[in-house]
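Per-chain numbering from 1; labels A, B, C and D assigned in written order.
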Amino acid sequence: MIIQLSDTITSLQKDALLNSLSGLNIKSNEVKTQFKNYIIGIPKVDFDIRTIGNLDGIEDIHRVSDAYKLVSKKWKINRTIIDLGDDVTIGGNELAIMAGPCSIENEAQIENTVQHLLKNNIKIMRGGVYKPRSSPYAFRGLGMDGLKLFYKHCKENGIKVITEVMQVSQVEEMLDYVDVFQVGARNSQNFNLLDVLGEVDKPVLIKRGMSGTIEELLASAEYVFSNGNEKLLLCERGIRTYENAYRNTLDLNAIPILKEKSHLPVIVDPSHGIGLRQHVATMALAGVVAGADGIIIEVHEQPENAFSDGQQTLYYEQAEELYRKAKVLFQNI
Amino acid sequence: MIIQLSDTITSLQKDALLNSLSGLNIKSNEVKTQFKNYIIGIPKVDFDIRTIGNLDGIEDIHRVSDAYKLVSKKWKINRTIIDLGDDVTIGGNELAIMAGPCSIENEAQIENTVQHLLKNNIKIMRGGVYKPRSSPYAFRGLGMDGLKLFYKHCKENGIKVITEVMQVSQVEEMLDYVDVFQVGARNSQNFNLLDVLGEVDKPVLIKRGMSGTIEELLASAEYVFSNGNEKLLLCERGIRTYENAYRNTLDLNAIPILKEKSHLPVIVDPSHGIGLRQHVATMALAGVVAGADGIIIEVHEQPENAFSDGQQTLYYEQAEELYRKAKVLFQNI
Amino acid sequence: MIIQLSDTITSLQKDALLNSLSGLNIKSNEVKTQFKNYIIGIPKVDFDIRTIGNLDGIEDIHRVSDAYKLVSKKWKINRTIIDLGDDVTIGGNELAIMAGPCSIENEAQIENTVQHLLKNNIKIMRGGVYKPRSSPYAFRGLGMDGLKLFYKHCKENGIKVITEVMQVSQVEEMLDYVDVFQVGARNSQNFNLLDVLGEVDKPVLIKRGMSGTIEELLASAEYVFSNGNEKLLLCERGIRTYENAYRNTLDLNAIPILKEKSHLPVIVDPSHGIGLRQHVATMALAGVVAGADGIIIEVHEQPENAFSDGQQTLYYEQAEELYRKAKVLFQNI
Amino acid sequence: MIIQLSDTITSLQKDALLNSLSGLNIKSNEVKTQFKNYIIGIPKVDFDIRTIGNLDGIEDIHRVSDAYKLVSKKWKINRTIIDLGDDVTIGGNELAIMAGPCSIENEAQIENTVQHLLKNNIKIMRGGVYKPRSSPYAFRGLGMDGLKLFYKHCKENGIKVITEVMQVSQVEEMLDYVDVFQVGARNSQNFNLLDVLGEVDKPVLIKRGMSGTIEELLASAEYVFSNGNEKLLLCERGIRTYENAYRNTLDLNAIPILKEKSHLPVIVDPSHGIGLRQHVATMALAGVVAGADGIIIEVHEQPENAFSDGQQTLYYEQAEELYRKAKVLFQNI
């Protein structure tokens, strides 16, 4: 049960409400976000919702039987739009495109990518500075030095930055240099990280886990929301199956399902999904038709020389064709 | 290695060729299809292809290192078009749409469906008369009586019939009443059935197995082709994964991959794929964008009363909207 | 609901019973096996079982809510023992061991294997004469000629034969030359084959499908049983997962679960399960501890020269050590 | 390539070695653990190992082509034994048993469990104080207060403590109150956490991820080892598959494979594996036969009242029977 509190609720009214809930054997979780105050009530037995509904200081009450509550569409019918400022939004009437290299490599590469994005009117650049790698001996990213350079060049050119955060201690140091925090597939159930990202006022994109269920992804989003951050994006990036013909099995079924169950925008990542350059654009377009609000793709001036993920990274010309087609398709479905 | 024989090859020339192959320690498999004669050579060691290439009676030679040979695109660049007669083709410049109920139930239902198809200019009707059911106590289809009624009504109205064949003994009795044989997911590696279907002159649509790999699907198609039947369609219908939010995980990655590896047309089955009526049309359209040559969908006048699979079956109005959108999309990608 | 009919039930009594069931809106399936007559009732709504229970001609009635009925332990508490004659049983107080090559190759190999089995007091020989192969160009077995040789040598030496049947038409021709029919993983849901195997009086071992669920395996067994054959064995042989470190993921969890849900004996196949010779014995022993009634393993005088599956086939000495250990372990758990 | 440095290597000798490696285009990673100094060389091209082998200050050199190096058995033949002090070891000639509740709930429960362990001569107690829960509204553990109580009671009774650590910041605060850090399935690729655990001198048990491969588990262990901590345990706890008859699919194949590939001890967790109380003991015993060096199980005085995981938690009597059988079985295989 989600109880939206009135903005004018008094302490006395709130105490009365919490007492009523307690008397009904309902566990209360107070949630204060950037926008609203809520109480999430987890009832142990059935009860008559009217006994609460007429208390003072309540704006609205919704029963939500799913394990996830605040991210559910059962409660919030209108779709969430994420506003990154400077007229850059995700989840609205325009397809959001996030493009850039797998890893930030050096300043020249950043500049080069920024020019590519400017030329194509792409407003969000992706790029990793902290890289999760299965081997400890592999390149693990440029870290904060890379991020600062990355952010500086983007900022100067009106481009927003999305980059992966891997642990709690990085959140604060990265905060001033990102526009969207990305939580990777391996951290999709790193609950401490999700807790802390719930306390900041920057949007968070959460990727589905390697073998994460739809329900788990929504529950992970609930972690962030219930800690105070409503600015959330969900991302399908491929799941692990028995099939070895592609890197991961991009699961486009997840897109209509997530949009049915949740009010949050959904992004598709075909680069990690199918993981084969020659098919990335096709899967991106299929993702748009499946209902994605945005696409996140890997692009590099010279994919064959990229520090990581070269085999799934588009050449500029390939990416440009994709941008054009994706925008047209998004407007025509 | 695929050796295409000249139409004018003589017995002496062929003997000479077989002798040469044998001398090179290459195992020969002679394949005679509706269109051509081939020898599939499986070499045990490396050899110089020129020693064969200049023998008489050979039209062309192709090295194909994959486990599948004749269905590979490495050998045949031009895409295969399946001609069902009366200007109904699959794999060409028009999207093939196959629609109809999960199970053929009675004559009224057949007529009703035929009218729906005629109204929408759909040329191929699907419908099961032999139903694979996990429980022996469930409805198993109307059998040959149902098929004869089904075929009669379709034939009278210029509509082609696709229906599932489940075992070898059914092939002959069904032969005069089908336009396309369908091999279901559970029979995707029923090699005896595939052998026999290779001996008839009717197209065969092979569904990917429940947990079938791309490679296995192509090898199953190779069974049919190498027995003499070049008229083949491949079908993605969802795989089995850990995710329970949908019936199966429709794997659209398979479509660009199959079209890259094989010259055969690829059909997408979103009804069994996602298995939820409200998302079937979305996934069908995503499948078209992913490169499908056709879609096969379940439609019923009253899905809630269907003998089987009602929850994934479209209402007529839903289907009509899908037909329109799918045709437009196919022409614009 | 399972109604066991009395051996002395009269036609009039049976008609009265069927009428009662029909009146209660219960669909009846009559089952006549080697041992008993049953009626499987599938009720559409709830009803009072006492209204049937006091009719004449009924021996016993059991409610079974699972999709599978006759193979369920809810109905038959005592474990089923399969009697192959000559004091060879499966499911009793001795571990059943079935050993032999993947493929029957020639008479010398059969004789050699028989001597190995005799030396070790193993009573059941496995060996394939019809081989399901993903490629049509691979060796597909010696067929009936091989089977006749195989059976002759075994018969002369008091050894029972288990071999795979791949299609309906083979059942009759193989019938006199097998002691146990084996249904392979790819045919685990070949319902026509299961139907026909239900009509013969030879035991049937059904392997779990590549990605078959426990429930599906039991439903496949129900097909055979409900067609009249109670002599059934279930076999865990590994499932398909994302893990590539082994051929299949031998799923030992299935053993205690199958023995909890069904009264049928359970056999473990570690050769196909883990698929690596050096670990086959370990997994066989773990399977025994997990509760298997028997093991089926691949053994060959010279595994490196076997026609198929050599990498998972034991040398004689390895097998002999396994036989000894497995028998001891079985008696001590 | 692993270069074990001599304990008496001089700075000059080490510089010469690093220079040689650099000259050979080999990337060097210096590793200093509790026991030894190593250089892990990642060569870009093939080279003659003798050019390095005769330099001074080198104790031994091993080629290891796997992605993981220091945890590989190719380098270290002798199995690793983890010494927890007070004669409690893991990986030696005795089966290690770790038992206790899923969650630490209160002091009475700790005492009660300790008495149960003392009675059965079990030396290691498990219990969670930081609980990863998919829902933010679920019980998340007693935290440090619970851990201090847990450790105090165990310490007083000569029992070692194993408990889960979920994030970097917890490592330091937990350090004095744990004997073994446990990394849960969801954190199996939390590389920052693994890095930090590599810097402490306490053993670390790493669970395989939800859909983790064998190779990924070993690479995660390599993270800890290459940061300086050789005291490592690997744990199989069930993987995620399509099968819903059990909580997870306990993958016993992993045990012989991990013991073949690595010198580290392997623990089996049947409680999370099969997740059904009535089968936990059976799977634990099967795990012992498969080669596990230890078992970790959930036990509670009143499983039905446990704060979490009650359905997979053993009653004391069940656990006691398991302890007895497991110890006997371990000595007899």
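Convention: contacts are C-beta pairs under 8 Å (C-beta built on N, C-alpha and C of every residue); 3 or more make two chains touch, one makes a residue touch a chain.
As the structure is a prediction and not an experimental result, all values here were calculated from the model.
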item: Result of counting contacting C-beta pairs for A-C and A-D, higher pair; value: A-D
item: Maximum centroid distance from chain C, chain identifier (CA atoms); value: A
item: Chain A-chain C separation of Cα centroids, rounded to whole Å; value: 49
item: Distance from chain D to chain A - Cα centre to Cα centre, in angstrom; value: 32
item: Shared-contact residues (touching 2 or more other chains) in chain D; value: 211, 215, 240-242, 244
item: Complex contacts: residues of chain A adjacent to chain D; value: 27, 29, 40, 42, 67-69, 132-137, 140, 166-169, 186-187, 189-193, 195, 209-211, 215-216, 219-220, 222-223, 226-227, 240
item: Complex contacts: residues of chain D adjacent to chain B; value: 211, 240-242, 244
item: Interfacial residue positions of chain B with respect to chain A in the complex; value: 211, 213-215, 239, 241-246, 249-254, 256-257, 260, 273-274, 278-279, 282-283, 285-291, 325, 329, 332-333
